[in-house]
Structures are given as C-alpha cells and as structure tokens.
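Note that the chains take the letters A, B and C in the order they are written out, and that residue 1 is the start of every chain.
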Amino acid sequence: MTETAGLLVPSEPMVATNELILSVRDLGKSYGVADSRKEVLRGLNLDVNRSEFVSLVGPSGCGKTTLLRCLAALMPPSKGQVLLNGRDVTSPPPEIAVVFQDYSRSLLPWRSNLDNVVLPLRNKRLTKQERYTRAHEALESVGLRGVHRQYPWQLSGGMQQRVAIARALAYRPEVILMDEPFASVDAQTRLDLEDLVLGMRRDYHMTIVFVTHDIDEAVYLSDRVVVLGGSPTTVRDVVQIDLGASRDQIASRSLPQFAEYRAAILKEIRTTTDGNAALGDH
Amino acid sequence: MVGTASIRMSRRSTLIMVARVAVFLLLLAVWEAVSASGLLNAAFLPPPTQVIREVVRLLGEVATWSALGQTVKAWVIGLGIALALGVGIGIPLGSSRFLYRSARLVVDFCRAIPSIALLPLALLVFGAKIRMEVFLIAFASVWIILLQTIYGIWDMDPRLLEVMRSYRLTRLQRLRWLVLPSISSYIATGLRLASIVAFFVGIGAELLGGAPGIGLKIQTAEVGGSVVAEYAYAILAAGLALGINLLMARSERRIIFWRGAERLEQQ
Amino acid sequence: MRRHVLSLANEVWLPVAILGGWWFLSTGSESIYYPPLRSILSTLKTDWWFGTATPDLAPSLEHFAAGFAISVIVGVAFGLFLATYQLAWEILRPAVELARACPPIVLVPLIIGMFGIESSGKIILIVLGAVWPVLLNTLDGIRGVDPQLLDVASSYRLSRRDRALQIVLPAAMPQMMVGVRLAASISLIMVVASELFGSTSGIGFYLLQSEQTFHVTETWAGTLVLGALGYLVSIVVRLIERRVLRWHHLMRATAHTQGS
C-alpha cells in the first residue's frame, strides 16, 4: 500500500472471488400490528461473494437500512433467512462488523478514540497489549495519526467516521456492512473516504456491503450494484460493474462505461414507484 | 388476523391494570398484617381500615377543609411572591452578564440553604402565623423560579431582540410581546418545580412550626396522642400534594406550546 | 492578570457589600430579633468553631451521609431493575408516582413515632425522601440511552457486563447525576426536619433548643451554620459531578463554540 497525502492509492488489482459468503433467501420484513401493519421488504434474494464489493442503492426510505440491519442480525426478519458461510444468522455474528451512518452517535463520547477502537476487541482472545497494538494499527491504516488520546467529538466529521471504520477494521471481520457512512460528510472528504474503503478492501481482502443513495459512489466503489425499489421493497436489478480492479477518482469516473452504468441504475430507480429527486444526482 | 394482534395488546393492558390494583391491595394487606402483628410499636401503626374510616370522617368536618384551605392559601401567596420576585429579578439578571456574575454567589448560597433551616428563625421573628409560612415558602421557591427565568433569557434568540429593537419598540413593549412569551415555558417549569418545594416547606412550617394548616392538624394529633388522626391527616396532606402535582403538570403542558422543557439538566 | 482581578471583584463585591451592610446596620441594635452581626459571629465562634456545639455536627453529618448513600444505592439499583424489566415498571408505576408525590416531611412524626428518635428512624426518613429522584432519574437516564449505542453494543457482541458498564452507565450518568444532586439536598433537609421534630443531638436540635429558649443570637448562629453546611454539600456534589461528567461538560462546551 502506498500513501499519498493520506490517501490510500491502490497498487495492485483486487478481484472478487466466486465463493459465496453472505446469502439472503426470500427475506421479508414487516412492522406494526393489525391495521397499521406495514410490509417494508418482500421476497429479497441476494448473494454476496467473498471479497466482493456490493452496493445497495434505492430511493430514500425504501428500507435499505432495514435490510442492512437484518443482515447484521440487529433485527430479525419476519420471513426468510440470512446465511453467513452457510449458517443461519440469528444473532450478531463475530464475522460481521457494522459502520453506521451517524458517527457522532456510534462512537462513545466518554472514551478516547483509541479506547473506542479497542472496545469491541475486549471479547476477543487477545492480551491487552495485542488489543492496543491492533487498535493503533487500525487508526494508522485509516490515515489517522496522533488522535488516539483525543475524544471523538474533538475531531471533524470525516475523521470521526475514520475512527468508526478503524474500529470495524480492528475487529478483523470477514464482512463489513456500511450504512450510508459518508452521507453526513462533505463532498471532498467523501472522495478520500471512498478511496480509503477501497484500499481497506484490497489490503484486508474484506467483503463489503455498502448502502448508499449516491449512485456515483455506488458505481465507483462496487463490483456489483443491487438496485432496490418498489413497495414493498424488493431487488429490482443487479448491475455488474466492470470498471477494472483498480479504481481512480478521476480516471474511472471519466470512463464512458461509468456514465452508462449510472444511467442504467438511475433509470431503474426512477421507474419504481417513488422515484424521488433526492437521489445522488448532484 | 387483523384482530388478533390488537386483542393481544388489550389483553396485556388489562393484565397490567389488574396487576397494578393487586400491588395496591398487597401493600394494604402488608400494612394490615404488620399493624396486627405488633412488630413495630403497634400503638403507632394503626390498621388501614381504621385510618381510612378516620379519613372519611375528617372529610366531613368543616375544620378539616378550613385547614386544607389555609395550607393552600399560604402556598398560593408564597408562590405568587416567589413568582413576582423570581421573574422580576431574573429578567435583569439574565440580561446582564455583570449583574449575573455579581449575584451568582449570593443566589448559589441562598438556594443551597436547606429550606427547613430557616424555620426556627422565622418562628422567632414572625411567630406561628401564616406570615411565617408564606415567608418560608417564598424564600425556598424564589431561587428556583429565578434560575429558570435566567435560563429562559439566555435561551432567547438574540436575533429576535434585534428585530424588535429595530422596530423601535419600547422596553415595556419588548418585555410584553417578546421576552415574557419566550421565557414562559421556562417560567412554567420553574413554577412546577417550585410548587413541589413550596408545598413541602409549607407543610413543614405547619408541622414543625405550628402555622395554621393541615400540617398543624398532624402536629396537634400527634401531641394529643391520637395516632389514627395523625395518619388520617397525613394521608389528607399527601392527597393534597398529589392534587397540586397533577394541577401543575396539567397547566404546564398548556403553557408550553412551542418549547419542550422536560427534565432539564439545569435544575 | 488584570482581567482576573476584575472578574473576581465582579463576583465578590455584592456578598461583601451585603455582609458589610448587615454589619453596619445592625451594630448597636437593640432589637431582640435582629441582634448585631458582631454578636452572631462571636456566638458562632464560641459555639461552633471547635466550641461547645461542634460535637453536634457529627450525628447530623453521619445521618446525612448514611441516608444519602443508602438512597443512592437503592435508587440506582431499583432504577436499573425497572429500566430492564419494562413490565415491572408498567405495573409499579402508579405506586411509585404516588409514593413520590407524598411530601416526606409528613412522614416525620409517623416514622419517629414508630422508630423513636434513634438513628434508624432518621435514616429511614432520609431514604424515604431522597430515593425517588435517584430512582426516577436513573430510570430516565437508562431508558434515554441512544439506541444507536445499543446497536453498536449488539453488533460488536459486547458482553453484558461491558454493555452495562461501558455503554449504558456512562450514557445515563448525566441524568443520574441530576437525581443525585436532588437527593443530596433532600437528604440534608430531612436530617434537619427530623432533628427539629425530635432529637437529643444534632444541629437541628441545637436550633430547636435555641429557638425554644429564646436565645435569638444562637438561633441566628445555628441558621448560618446550616446555611454554610448546605452550601458546602452543594459544592462537593458539584465537584463530584464535574469530575464524573468531565467528558460531558467538555463536549457541550465544544459544541457551543462550534456554533451548533
């Protein structure tokens, strides 16, 4: 990995495997009781391969977060199942780590950044020394230096999200689920963080499931983009992204295929029931 | 299938209702049992049936109602004074950094004085009269209202003030149309908090100091050795407290219409 | 340096002026009820400054400390219990609200009648008064913990102990401290009230005696001592709070300057 001004620039290509790691079978989720019962998700089927980068896009409020929470076993599905390495997922498994959208509410304000990263490691069989070493390494790998003694709220939004990502990294999961992690971050920082995530995936061979409403972001980052929509929400389309294994903010985004993918996805979203203008079309 | 879930819900709430009643009955039963067993000085723990009968009897007496009235009267007057002083002093204190800093030590000290501590002194100076009770209530309550008023002023949007000033409104007009409505929710909270303290202090002044009211009734019953009456008056006092609590909570909700002032951390 | 002196002067001039004014207005006062400040202070010195009445501080403080500590422990424990078992809270809620609404001072003659003027009665009275703010604020604090933090605890599979001690407790602490602060002031009031009603020792007893025997200067002195004690307690609580909630205060200060 080479570091250029804090960015992780890919130096070797990373290719997704064909080995199935995460699988969703006929997933359904409903809320409420009796007359106020609302069906949010229905008949969702999804396969994620090891080391694959899959994005979930769709209009606002279509239940992307609900789906992610079912994947993370933070919420039980009403129907269907989630399989991780072939096993049914009923409670949060150690192979999965989640990065939430609102970093200010997912990092503990009463602990330093380092302590925040170390916390999940307490239930892993490591010595104290090993835990802290890992945490230090994780913070370094997300490009944060010298902030370990500070509190999260002393950092900018982008840096806080890096801490949250470091926390997930230190946990050494097989799959990282990210719920619109860069939505509350300014556009410039967002590009840096996108490259960070790509580098992370390459260096640690992680599988990433990425929820976003920003189509550009989804196309830039992913091997596959899953388009969700409809009411109740289901999988509308799956778009394979072949932009090459090494991505670059300027080069990749200028490719003609980029625009094609983008257009295809946008069209798909627009034709679903509520295609709102709140999509990632800046 | 539409109905089952809602049936499940209402079955749950009836269960809870039943459990709540059961809790009360259980407590009464425990009271009855302890009283009968003579575990604690039995003379001082009459059975609940006796006490309830006495409560009902007392409610039929004029003297009881007049005592309740005296307690309420002192409470109202004391709170009224505290309100006037608290808001009257609070607004300038909240508006001027200098004034606030000057008064900070004094306010902190005075509000930390345990409200009952002034009773003996007040008893000496005023005697066992309603005046004494009003003074104590006012003293104990004014700081709470004062502080809430200050917080209300601090929380005001300074831009609104500028807008008002640019329209060349007089101070009095600004006060009436801008300041008071803005801080009304804070004042309401202060009043609610102070009302509890006020009642507490008032009963204390009557019970321990002999000012007229329901607390005095408790004291005379105690001195006279009629334990049942003592308990009965105590229950009446508690009932009055409950009534006042409910009243304050309800009226506060009506005053707060655009600002929520839940359990503030700046109590 | 100059700014520090000025701000100190700002904070101090009024109390000094009040004390000074009191001193001068009351010198040579003939009134029974308003003795000269000078004599009040000298009585204060002889009685309370390692004087004859100083031993009275001990029982009052002991009762206060014991009652306060028990209130906090019981309040937090029950608050935790009720926060965990939603059903229990729903069932017990009206009973708790009722008990909490009853002014504890009403219980003074009843409890002292049952338990006598010994320590146990006083401590029970303190607990009956001070436990409610702790309980209710602990309950509120725990239930008000950001659900996203709980999600973090779940998704990272934190042990139940870690979840409680590392996440729930610190998150609830600001609200809990509000309850603790209230409990401290109520505890002090209940100590005084129970001593005023029936006691053979303690500051309240001193006050009562002075008042009943018409020793006005002593009554003033005792009142000042109580005032000072109340002030001291409030300062100590504030210091403890500042220590425990350091992160909270800093965070809010940062938010303020960032203009959010």
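Simple rule for what comes next: a contact is a pair of C-beta atoms (placed from the backbone, for glycine too) under 8 Å apart; a residue touches a chain by one contact, two chains touch by 3 or more.
A quick note: this is a predicted structure, and the numbers were derived from the prediction, not measured.
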{"item": "Centre-most chain, if every chain is reduced to its averaged C-alpha atoms", "value": "C"}
{"item": "Leader among chain pairs (count of C-beta contacts)", "value": "B-C"}
{"item": "Chain centre separation (chain A, chain C; CA means) in Å", "value": "49"}
{"item": "Inter-centroid spacing, chain B versus chain A (mean Cα positions, whole Å)", "value": "52"}
{"item": "Distance between chain centroids, defined by C-alpha means - chain B, chain C (Å)", "value": "18"}
{"item": "Contacts with two or more other chains, residues of chain A listed in rising order", "value": "none"}
{"item": "Residue numbers on chain C that touch chain B, as the complex places them", "value": "7, 10-15, 18, 33, 87, 90-95, 98, 101-110, 113-115, 137, 140, 174-175, 178, 181-182, 185, 188-189, 192-193, 196-197, 207-208, 210-211, 214, 216, 219-220, 222-223, 226-227, 229-231, 233-234"}
{"item": "Touch list for chain C against partner chain A, complex", "value": "146, 148-149, 151-152, 154-159, 162, 166-167, 170, 247-248, 250-251, 254-255"}
{"item": "Partner chain C, residues of chain B touching it in the complex", "value": "16, 19-20, 23-24, 27, 40-41, 44-45, 98, 101-106, 108-109, 112-121, 123-125, 196, 199-200, 203-204, 207-208, 215, 218-219, 222, 227, 230-231, 234, 237-238, 241-242, 245, 263, 265, 267"}
{"item": "Chain A residues touching chain C - in the complex, by the definition given at the top", "value": "69, 72, 74, 92, 94, 96-98, 100, 102, 105-106, 108-111, 119-120, 122-123, 151, 153-154, 167, 171"}
